[in-house]
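Same chain, two partners: chain A is paired with chain B first, then with chain C.
Up next is the complex of A and B:
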């Protein structure tokens, strides 16, 4: 548990020794991050997952891309040579570090992952699975066991590269489970098994788009004519839901929140393009407007085993207010976001930080709460719309158990 | 065929005029009607399951449209459709196993149609089984290409072996119908005996010297309480009369004839008496997919009173009352308004309700809803013929009894819903 007792004094000293302590001005989203040491380096306090999300909605300039590529190339070099917390096992497929396996190959699974991740329409888990498919394609293994071991190493390296992203972990786990299960079926020859795995993994990318469409279809019945919907942040799934509702000529109004990374602003831009009446709120105005709201709709970064969700900071607050005023809270999430994780309270996840710009310089003695996400317990959620159907929060653990047992 | 048409029309009339009382009777008659529809359906040479499903759906849509409030009709139609799919699937897997063992010579024909020649029959069976279950995380990666391939291979496999297996095919088609009708008979049997199965569990829930509260009259509740009485439990029952139909009076009379100590109260007295009650046991009209209950009017109030005083609220429901839809679905009509004459005597109030009076519209409106919606968080336990369950467990039973493809059975008159 973090920051709980008066030991926060000691903790803060420790924390300050580790932090790079950047100045707030350097985090303006419109300009590329000027930090020299790898802007996508997740080993610093900035969560790569949230950086990507910000990047998707901001302007991505070409030199920023080049910087990112260069940084990742350097980073995986560092990882390969250090091999610190892995102990004996070297990081498979890692770049030109002097390991026995990957020495000749320029292939890096993390490289591959980043190239897929840049596409704004593609979800993290799907990018991960595509990267793992590329690992299979370039692998020189001749038996299923060898292939599995390689895949495990690649998946572990992906997971450790960004420990804050839940859907990345979930996607990797799902694919590994699928691989072990498929190899259990009697395949007569290795090559056909390999090609089948590659084919399935490629197809998985389509599932991402298909899942969003299924979710959009399922949620249409819950959006009635004349309703007011409150959304938080920028979720591609929620955008799809509202797009479909607008195409079906439903009349509804949307209230957007989402600061400080301007995701609410971006979302309202998208909605304005669809001619949907939109109103922007600051996060603090949610309780004030909650009585006008009929439905609260969130996306999710991850769905945890208890049936709760992990989503952008502010979700829990809105869910609490909605619950106390008896408004239904719906979550739209694809099924590959289900993760075997059971947070007991807000601090029970690996911390994901994101830069917050207050617009004015802050004295160095003042701390800023920079966590990017929070956990909403299942009792505040009414229903989850997933591509597996409309589910109540208690179904999630059942699904996960069925998968992992 | 003309016979079934006449039967269907007759049943439709009864549904529209609300002549059938009670979801159990409705469910039973629907199942019997569908059984005759199935037995009368002509089966084509290939893809018989689709023909059956089509004919059942055609009749089912009309039945549901006749009385949308009676959800048991839709439930039974969907159960029958699920039965058809299940029986077809089990026959197909049996046939596949048989085919793979014997058809070695036909491999050359099969390979160009079959995407995965290296897969064993077990894998195919597993993949095809997954098409029947609702989609889950497990089946996420075993996606559409497999499930599309399997029915093709099964029917094309049948065709390629047609010459040697033609006799086998016609016997298989008869077998499908036979199996389906057997399963529908089991369904009818289950519907008829749901009361006994529920009543068997009574003795676990009702203890010595308890006070039970109920509202209105439900046959399931009556049998439940009498079963506990027969097992020598002594307890008392508070019956709320259930205005405006006052069916609580009938229940009270029945309970007294069976020897139970009964107290009759008005609906308004529920909050006053709830602190002296140990458990509330009620019946339901329908149970929705989220665990919410559509129950006779007044039960939402009882549920709120029970929650306030921490009294367990137990709902008894046979499995034919379990509906796979959510209450927000536009197809689910939560209520039906009955005649105002149950509340007011027309003789005394004729001038208030009169359209002829000065303004042209009556000043007095009478609203007489039949049902109440009880949200799932107020329900402590559901007792069905399969046992006692949490409201959050309902999705499991739904997955067992229904297929995802059958959920929407409305005739679409407009394009968007």
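Up next is the complex of A and C:
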């Protein structure tokens, strides 16, 4: 038995002592760990990420239907209330943190992040990195190590503030990786290293835009004349892809799904502006129309280690239908959305909730499934278009291993 | 020839039956009476020939027999079986002497089992050429013929095969147990004597044989393909084969021994420290794997302790523990081996006029081959040994002996700590995130990592239920169950037979693995594949926990090529149930073959996730880990 080390005891102690960086799952699952009441979004049963998404992408231009406008109003209201919550968040966080200084930084990080996040064009990961850059800017650290620790704290508080946003987590991880792994930083004096980091963070925003361009170029081979494309929800990458295709004078038709959060309406509107023939479906009509579809194209909130994707609710069932009808399913996603998660099934993710508006009051005894996202396993995906190239799902994990190990 | 043929045709059905009979060759080889007779009384040709060919051929080099033929043979045989009054026939065959064939036969055997003397009067070529228009019977027999036999004559006796009388087999079968045993005994004695005399002659002879034999399948094929192929061609082939064969051996470092390759087995036996009795009645499909009668080796080994001068006592002890089953489980075996090597290195001193790097490598190799004799290496041990040898080879020449030794010992400790103990902890940390309150976890057998995971999750206060699935004969699950129950986990215990019933309540399946191969195949305790498949059918995620040092770049598609055979007695007897004795006395029956496999291969389709020290990865990413891992940490 000597080889069976008494590791449990050690592990337990470590686990109790180590309040930093609990992985999102354990964070939500285990009965409140020491840190649970620190900078957690107070309205934690509602996913901030999906709220913002809806707020950004469900906005429809004024020439749209009145109903759509009503929706816009409601959502922006939600957003406003969310803003208040953000204000409240630091207070909740103040109680928990043992390290005053650290939590003080955390506040500013989250506020910073939220201010960046309000810009619709900015990807969440970029917002996170900009927020971290702000931390560097305001930091009073005098050594690299200090700065690293500070950044680590900041990124942890960011991550735990919204555990449902995969690209936020991935963005933080990526930036931390850059900070800790870049050997060039070691030989410079501290201030120039600092400015280099900030520069890098600034660049990241451009990278994200560039990634979209690359993906759009790569995916042109897969959109052929006369094809019918089914899209789900609103994805900036997918929009970029279709825009490029339209600019390349390809003739294609797009089917948009309209539910659950009406982002499809906005998407169809954008496409209509490009003079692309577009048709709006309700999600329940997907199977009905699938035989006229040639290509299914999704964006992704996150690409996970198995090669599957996490995306807006409804993605999985569309992928299932497409798979059973032998239609190719493509996913367009930037590589900063790759995350070291590995959900085993739908319930194996931290729940991301979002209120759903049924238009009528729901009796209190009726439960509503409010989850905002689902997980599509890799076997239902054909290819992923990323800025690293066109990849099969199994390559995702390879890339992740090379990135993070 | 002619008389013979006629005889055959007369007893058509019987003959066929005999000829096809493939299943229990090894036994025959062991017990083979004729062989023995040969050296002693060469002149009685006909019976010997008959016997020799069929048994020796089958038993020794089944490899060479094209499998497809085999099967068809079997079918035929079964079809025909009804009619056969075998006994009478076989006896008659014995008594009848067939002149032409006899010569061949006589030539083939020398005293030891392994050693063939080259005294053969090469009469065969004629035989073949002259061979009667091939009836289906003849062709059949050709197929079955073991090329090794033909070649052993040192001459070009390849053709002999064709003539081999089908009836020979029946003859063999007829010999009573006692008879066989006596023969065996005699053979053994003869062998010992031969050895004592001076192995030179015999070894030389055997060398010839082996070199000729190494490429037997080719020869066999060619001979069978063209029945009338001339002896000359055959001999040429042999000559040509020899040289490249040697080269090839040098190139390929450690081809796994194929235990149906007679010549190699014999060679290995000569080298062997542990005398193992080969089990009888091995299953056809698995004859390339070593199988020994369990329990026979231990006393022999113990008495030999003082004769084995190069063996370090620590290694010796570990070997004995492997043999007796005291140490089992991939990690435990690996660590025990490394601890023993550490001891050995500590006590090592470079002999004069030798360099440490070379001598120590050779020393370690001899230890390893000793351990292999005790029990075949697991893949993880293979990896560990590779690591150690690489470290030895990379020692700077300038290092003094004591420095070199201490570096090596440090390396060993590092390997144990980092690759085994630490990585277990990391795996536990990852895996615990997949356990949620209210889960029902199923595990199969006893894996140390899975046990750690379950206990750790329990300590974290998660509420879950554990289903321990177990199987005969090892019942390892009970050990796990005991430890879990003691720690207060709520458990269900069941046997693998009930796995499909219990699976619908299960939410996660945690499995250990002996190795993960680069196509994602999980190589693990037999029964794992079954559990994984049932889980897949019920759409329950299957999580395989395996340390990265157990990953191997090999690709395996089935569990046949590489496997380990356990003690067949373990499945034929039920411990503590005296009333279940239906197999008593049947174990040595020729038509009963017991198969006790130790491992099986689970295809990657049934695995949802592999948890390793590098995190949770899909089975498709195993090659990446193998690649990266090697580059970063280990050999290369």
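Definition applied: the second predicted complex is superposed on the first by the 306 of 405 C-alpha atoms of A that agree within 3 Å, B and C clash if a C-alpha of one lies under 4 Å from a C-alpha of the other, contacts with A are read in each partner's own complex, and residues count from 1 in each chain.
Note that a contact is a pair of C-beta atoms (placed from the backbone, for glycine too) under 8 Å apart; a residue touches a chain by one contact, two chains touch by 3 or more.
If you're wondering where the values come from, they're calculated on a predicted model, not measured in any experiment.
Judged by the touch definition given at the top, the superposed model places A:298 against neither chain B nor chain C.
By the touch criterion defined above, A:252 lies against neither chain B nor chain C after alignment on the C-alpha atoms of chain A. In the superposition on chain A, contact is made by A:340 with chain C only, not with chain B. Once chain A of one complex is fitted onto chain A of the other, the partner contacts of A:394 extend to both chain B and chain C. In the superposed model, A:306 lies in contact with chain C only, and not with chain B. More residues of chain A lie in contact with B than with the other chain of the pair chain B and chain C.
Of the two partner chains, both chain B and chain C are touched by A:402. By the touch criterion stated above, A:203 is placed in contact with chain B alone, chain C being left untouched.
By the touch criterion defined above, A:348 lies against chain C but remains apart from chain B after alignment on the C-alpha atoms of chain A. 394, 398, 402 are the residues of chain A that lie in the contact sets of both chain B and chain C, per the superposition on chain A. Of all residues in chain A, only 174-175, 178, 185-189, 192, 196, 200, 203-204, 207, 220-222, 224, 248-249, 335-336, 338, 383, 387-395, 398-400, 402-403 touch chain B in the complex they form. For chain B in complex with chain A, the touching residues are 116, 118-120, 122-123, 134-138, 140-143, 145, 289-291, 326, 328-330, 376, 390, 392-393, 395-396, 404, 416-417. By the touch rule above, chain A contacts chain C in their complex via residues 3-5, 7-8, 11-12, 15, 23, 25-26, 29-31, 305-307, 340, 342, 344-345, 348, 378, 394, 397-398, 401-402, 404-405. By the touch rule above, chain C contacts chain A in their complex via residues 331-332, 335, 416, 420-421, 424-425, 428-429, 432-434, 436-437, 448, 452, 455-456, 459-462, 508, 541, 543, 608-609, 614-618, 620-621, 624-625, 628.
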